[in-house]
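Two complexes are shown next, each including subunit A; its partner changes from subunit B in the first to subunit C in the second.
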Partner chain A sequence: MRADSGPLIRQPWETLRMPEPVAPGPGVTELDRALGDPWDKDNPAGFVEFLAADERAEMSAAGEAILDRYGFNAEFVPVALGGRFARMDRLIEVLRTVWRRDPCLGLGHGLSSFIAAVSAWTAGDSSQRSAVANLLLANRRVAPVYHEFGHDNDLSSVNFSATSNGAGWLLNGRKDLVTDVRRADAMVIFARTRPGLGSRNHGQFFVPKPTAAQGRVRYLPRSPSSGMRGVRLDGAEFTNYRIPGESLIGEPGQGVETALRSFQITRSALPGASVGILDTGLRTALSYVRERRRYGGAATDLPYVRAVIGRAFTDLLVVDAFSSVAARALHLLPGETGVLASAVKYLAPRVLMDAMAELSTVLGAHSHLREGRYAIFEKLARDLAPAEFGHASRDACRATILPQLPRLARRAWFNGTALPELFWVGGDLAPLRFSGLVTGAPGSDSLCAALVDISEHYAGASPLGRLADRFRDELVLLRAQCVELAPKDLSLDASPAAHAVVERYTLVLAAACCLGIWWHGSGHGVPFACDETWVTAALDRLNRRLGGKVTTREETRGLEESMFRSAVRRHDDGRLFDLTGREVPG
Partner chain B sequence: MAPSTPLLEQVRGWLVRRVAYYAQCGAAEIDVEVPLAEYGLESVYTFSLCGDIADHFELAIDPTLIWDLTTVATLAHYLAAVLVQRRELGDTLGGKGLFR
Partner chain C sequence: MSAVLDYPPANLAATLDARLGDPADRTGSFSRAHCAELDRSEEFPHAICRHLDALELPSYYIPSSLGGRLNDYEDLLYIWRTLARRDLTVAVVHAKTYLGAVSVWLAGDRDQARRLGSEIMAGRRVSWALTEPDHGSDLFASKVMASPDGSGYRISGKKWLITNASQGSYLCVLTRTDGTDNEHGHSLFLVDRSSLPADSYRLLPKVRTHGIRGADVSGIAFESAPVGRDALVGPPGSGAETVLRGFQLTRTMCTALSLGAGDQALQLATRFATERLKRDRSLIERPHVRDTLARTAALLLTAEATAIVASRCVHALTGEMSVVSAVVKALIPSLVEEMLAELAELLGTQSFLAESYAEGAFQKVQRDHRVVTIFDGSAVVNRNAVINQFPRLTRGYTEGIVDSAGLSQASHVTTPPPPLDTEKLQVLSTDGCSVVQSLPTVVEQVTQAVSRGLAPRDLARAARAVLTATKAVHERMRETRPAVRPMAADYEVAADYELCFAAAACLHLWVANAADHPAAPQPAAELWDDALWLQVVLRELLSRLGHADEGSAWRIASGSPATEPADSLERFVDLLATTGGAVTLFPGRTTGTRAPLLWKETTHAR
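Showing the complex of A and B:
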């Protein structure tokens, strides 16, 4: 049934397809097929199963079995080590395929092992790298052992200690939140290797499953959680636990550096994966309103409903654009991703959460119920929350970005050159080089350079021209403020105004990504390149967060209406709402 | 080859002023032998200072340099040596901008 009124015009970009990514082995299509239609009540790995597992606060065994058969863990192992990881875009697409069904499954049975493994890929020796690869390729788990309640994301204050005793190391201390440590076959433990201030006193240790002979490991009671409820968060306490000297990953004192380099990958991947949550959230809301009648008419005739759907679809594309470009930057401009990965991790989860919150107003009571056809919405909204505080909180990301802004403002924003390949979403990429990742104080900012460049070439009275100008003007304002930031404004006790600078900067970056895809993607197979509607809507949405008025009420309403119709079209066609628009089962 | 003393003095003086700026104290309070971390120049300011050094001396350096050379004295020695080396290379090649 089609509840919306008026003809649906297919946008030119809706008929285009991205080229299939070149990667070894089965890919996202096979994974989608293996997991099947999540809405099908008889699917053993559908929403019925994932909701039931969530109620039990367990991982879905059926889901885990399917991921193992597909070889999900191979997606996290570099091609050179026998796996399938070479490109960030493929990784994100595969993660999103799981995230739109059950993020617990994706995190607990996949990404969390990757968070542990990236240290080995980045800084490990060949035997550590093959040991981790062999575990993952055999569908085993490796737990990342980082979190201490007293220090949260501040790695350089970690207390858990590794003391060298000549031949090896002695581990002592307590880690409070470790993903599924009891089921893990190995751990990557972050520990302090010597006392003192500074960032050269830590290391990661690759530690196979603890055995009683080596000393004492006491598992602490599980910490129950509200989101990602199926993912066990345990604690572990080590007492004089002996590990051999070769357990240390990289050189002594390299731990913080390794984390800062390698986590750029995982921090970029997580927001991209979380787009899958909003995809299902939007699909759920669309199914609901298209089946409902309100106030004597179809629910989809209500202007509010149409606007909210259109806005959520736009927000999804904004986040996908931002995370897709950041993912490409890890290949093409690793010198800039020290800031960019944090910027995506800072902004994207918040945009997704806000979109889910607004969609919940359309679903009404059904956004709250844990039973029935639409119950998956409530679970997914809960599962989304950790994307904002987990694996680098919003605060931690802000602390990474802020000290770099005065210099970027001084030298980079208005003096750079754009790199068009950055925006060829789905286009060729050389395999990601772990050795290319740097802790980085970037001296260039290619996204701002692209924004300045495009806004200069595309001045105009159209809404898009005005919006592009608006973001360029915002960058001018930001420059004036950033060069004036005093040292106290760069630290953790920065003023609220300094904090707001980070928010505004990330909004400018997101706008630059959308504009860049539209401007540079043409002729490079990018599905959205030839369409002005989505990019205008995207900038309009981002400008809403920035404040200030650029479009008229009628223009905004028109954009929301167009995006609503596109969303309905995709819903009818059974296609993802992301930049790929890929056909999916359910 | 050891760096020339005036250059070393110049680099050290500049570094002391930058460290004092971030530590929000007077330059006289900075002891060049005391680790930067003790002036509260934790990870946050490492990145700012690294950027300042890169811009002022036109050097491509990584923030980890400041983790490895933890005092103004060691940092100044290293930077002065690099600058001397660059000047000599530039002279050898007769370049004006190349290794400036």
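Showing the complex of A and C:
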């Protein structure tokens, strides 16, 4: 008898499928098929290959070739420009398909070009848009040239300058971390156009591959890294490099605004993609424990092991719920995503990292090995780290969220109306409108409104009822604290207590996403709608971060046990652990 | 005005550190640059180990009764901490010899022990071959078999993930000598690899690892390898007990590796925060950065105080080490892992780049430290061991069982601890854990000190809160049933018990030694002014224990501005800034007691 056998009652959500996304061309199924079973030792684009590439600190050539054949870059090009990008959920699913195998491949041979391209999609003119689109559709790279040591994600402080000389611009300065700049065919360079710390002194410039005639570009030595080792991070130094006037993307002084608008897309996408890492991490841990005996029984008999697996599965679903709803919000409520995208980017990578850390206690020494059957776990844990500080650090996200909270607390949280479509994960969406992305103060907070609404309708003594109340109470407490925040607390000199407010707010938002999917999703084909076990476990996990006891020890144990059993079933069936539960090779 | 308290183990460490040269000097053998290079090329640090051997460091791995210099486990703690502060790979591979030898010190006969002692002094490395490919932490499921053969034994089977299996001349091997599954079915053998026929064993290749990449983590496959009866360590069937008793020493000492890693990370981060500007002001001026540094430094001081008390317990409360060693080996690496994660967030991209900031030392120490959480018993394994002792611990707490004499010796650092009587190491503590069981008394002592004006009022409140939380933790321990396979929630109760232990250890250490620390101009003395270190440590521990008192405080980091002792925190961070993150309760001096005589004068270049 197998250790994990038990009543195998299938939950209704386990058989539901995501509707096919509305986008032309091949999709995630074809990509999965092209990449094959990553565990298969003979697969030229499997874990054996990705681990070997990581050891050499190189990109996997076999992986790149497959992505090119599939047209991975087309996923980043709007449909109107000949690509396949129309919907965030599809983008995340495609990215996750690569991320669960080799995040280096996903970042170095895809997402980094997208980070460059979104500025053109959001603020570029039609010739810039089609130039970028043509490059990507031809499987070329566009490098995002942003990072300077000493400023990290603080865009307003960059030193790299673009000076107007009437006919064009002169670029001067140094960028320290640029993804694969040597192989790129073009760059999107973020530069200062005027002195000063304000947010209207910068611009993005679309710059095709440098040629000697235009001035000097010197490539600086590569910066090796402990994770994402295959992704080449180079520096580049520009000296009096001339570019034409029409290189500027958007209007002068719009650079920070363009970044803040367009990065809402990439900041939402990155955590959603990184769910793929935990998916493989969880699959690796399950394979490990199901093959082992410990202390006179199967390793899967150990309550500790069962709990850790159940928790990691729940955490994965929490992150997927949060990023899926944020992704839908980019289509449905772009006025709110300035805050929401930062909230996902702030919380989700931390949840994923903690889950990987806890899973490593189950794998023991094997979580530390770069070889053997479970070596992919160690690599993925390293590759996950930049999801937290890269693209927008927790600090940068916090600085975006915090100033908005007093107003939202006062006006929006308890006076809003919920938008049910937000939670119809997998449901219809109109193509994303780049022009709809905005910066500035949102006037509404539909997730908090949904939480308040659901907790009012669903009061009760059940664990879920108590948890829903708990999060509503937290929102009440947060409101009291947010309206009292001093002006200093909204600045870079915010107190640690003000920082903690952001953490708690993001936990409330994540809880609202889970509750919303459960409450509003039924009747709309939404996976996991109506399943009370999942949503209770999700809120219980989030509440552990918030603190305070809501469920009893036995209730928590029961939830973890149910989630363990569900995880085992998914493992048996070869399905993803995310909300889609899609069947995948390996 | 008076001098800082004189603490011999720290003096010893300071002298050693001076002998090892400036880690920033790129030409030195034990430089940060050289260690980074060895890590990148995954090379064993031979030259550095030879340098340490030349300094007669291995003499501290041998009990003084056998001609070595090990008569105070605090010395070993401080030596390893000093090595680990520079490089964890070196610390692990050099320290392994002590781990390999400990069984012989505990159970071997005198001749065997003397012989091994002189071999170690001659620079031979000893490794400890416990784990096997398929059993991991489940040591006593081992399959390696030693079968009687004539006057000796023949060993067959595979030991894997063994540090120094290939570099070591000797291996202390745990084998099965009995077909049955019972606890007396295991025996230990001290195997001299040079005496084995070449075809009777095979070294397994170096295993590539996440951290300590230069270390020799490999294995050995015995193929009917003949060993004499004199290779047995202790009587046949005593292997399991010897290993469990040995763990009580090694697990306690391994906390030094975490302390050194924490030292290194805090210094790197403090320097970063001081130098790095954000909008024209250094990071360390920003409130949240100050908060991060203060909390992580408080964790390091917690770890330090707890490890010092634990290493004195080895001598003074020997019979209780089954609890103490498991508690500190679970707690201290976990605290340092948390520190590293928080500081990584502070360093951002620079926590991730392998060559950019300080030779990539931060990403290296973060990778290297992972191994400390795994080897010699993970937190899960150690918490399991504590859970199984819950009944005695709760009874001991209720009845207030305390070995007062032992406890006093464990806490007063100015007097040398009594010699270790290894016979007193027992698999399970009969009396529970005096450090925790004496909590009501030490809290009373703190209250009295406060009423005499020797410490701020807040401290009495904090001490009472520790007492309340500890009572609640014991209530939860009482509700836990001991089991071979404990429930997941029980591990959390054990983790909270560790925090109670740490709080109690810190209170004892302060009460016992504060009087010897009158105000002094040195930074370390400032830590003792107004019990500054104890304030920040208890604040941190209480924020973690808050949830033990069910239904009370929400457990979000630093979320309760009302209770923040702002002044003391500000003073604490200023102190961090002036010392470059090098905070320690007992700073050593190269001129202090016991220091200058012990290290041979050697010069060593790369």
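Going forward, the second predicted complex is superposed on the first by the 581 of 586 C-alpha atoms of A that agree within 3 Å, B and C clash if a C-alpha of one lies under 4 Å from a C-alpha of the other, contacts with A are read in each partner's own complex, and residues count from 1 in each chain.
In the analysis below, a residue touches a chain if its C-beta (ideal position, glycine included) is under 8 Å from a C-beta of that chain, and two chains touch if they have at least 3 such contacts.
Since we're looking at a predicted model, the values are computed, not measured.
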| said: Touch test for A:470: subunit B only (first), subunit C only (second), both, or neither? | reply: neither
| message | After the superposition on A, what does A:87 contact: first (subunit B), second (subunit C), both or neither? | response | neither
| query | What is the contact status of A:404 with respect to subunit B (first) and subunit C (second): first, second, both, or neither? | reply | first
| query | Between subunit B (first) and subunit C (second), which does A:495 come into contact with in this model arrangement: first, second, both, or neither? | reply | second
| task | May I ask you to name which of subunit B and subunit C touches more residues of subunit A? | result | C
| Which superposed partner A:570 touches (first subunit B, second subunit C, both, neither) | neither
| message | Taking the superposition on A as described, I'd like to know which of subunit B and subunit C A:141 touches: first, second, both or neither. | response | neither
| request: Name the contact category of A:197: first (subunit B only), second (subunit C only), both, or neither. | output: both
| task | Please identify the positions on subunit A that touch both subunit B and subunit C, taking each partner from its own complex. | result | 197, 492
| note | Within their complex, subunit A touches subunit C through residues 55, 147, 149-150, 152-154, 157, 177, 197, 223-227, 233, 292-297, 301-304, 306-308, 353, 357, 360-361, 364-372, 378, 382, 385-386, 388-390, 393-395, 474, 492-497, 499-500, 503-504, 545-549, 553, 556-557, 560
| field | Complex interface listing, subunit C residues touching subunit A | value | 131, 134-138, 141, 161, 207-211, 276-279, 286-288, 291, 337, 341, 344-345, 348-349, 351-356, 360, 363-364, 366-367, 370-371, 374-375, 378-380, 484-489, 491, 546-547, 550-561, 564
| task | Give every residue of subunit A touching subunit B within the complex, in rising order. | result | 156, 196-200, 253, 256-257, 399-400, 402-404, 406-407, 410-411, 438-441, 443, 487-488, 490-492
| Taking the complex as given, what residues does subunit B use to touch subunit A? | 21-24, 35, 37-38, 42-48, 50-52, 54-55, 62-64, 67-68, 70
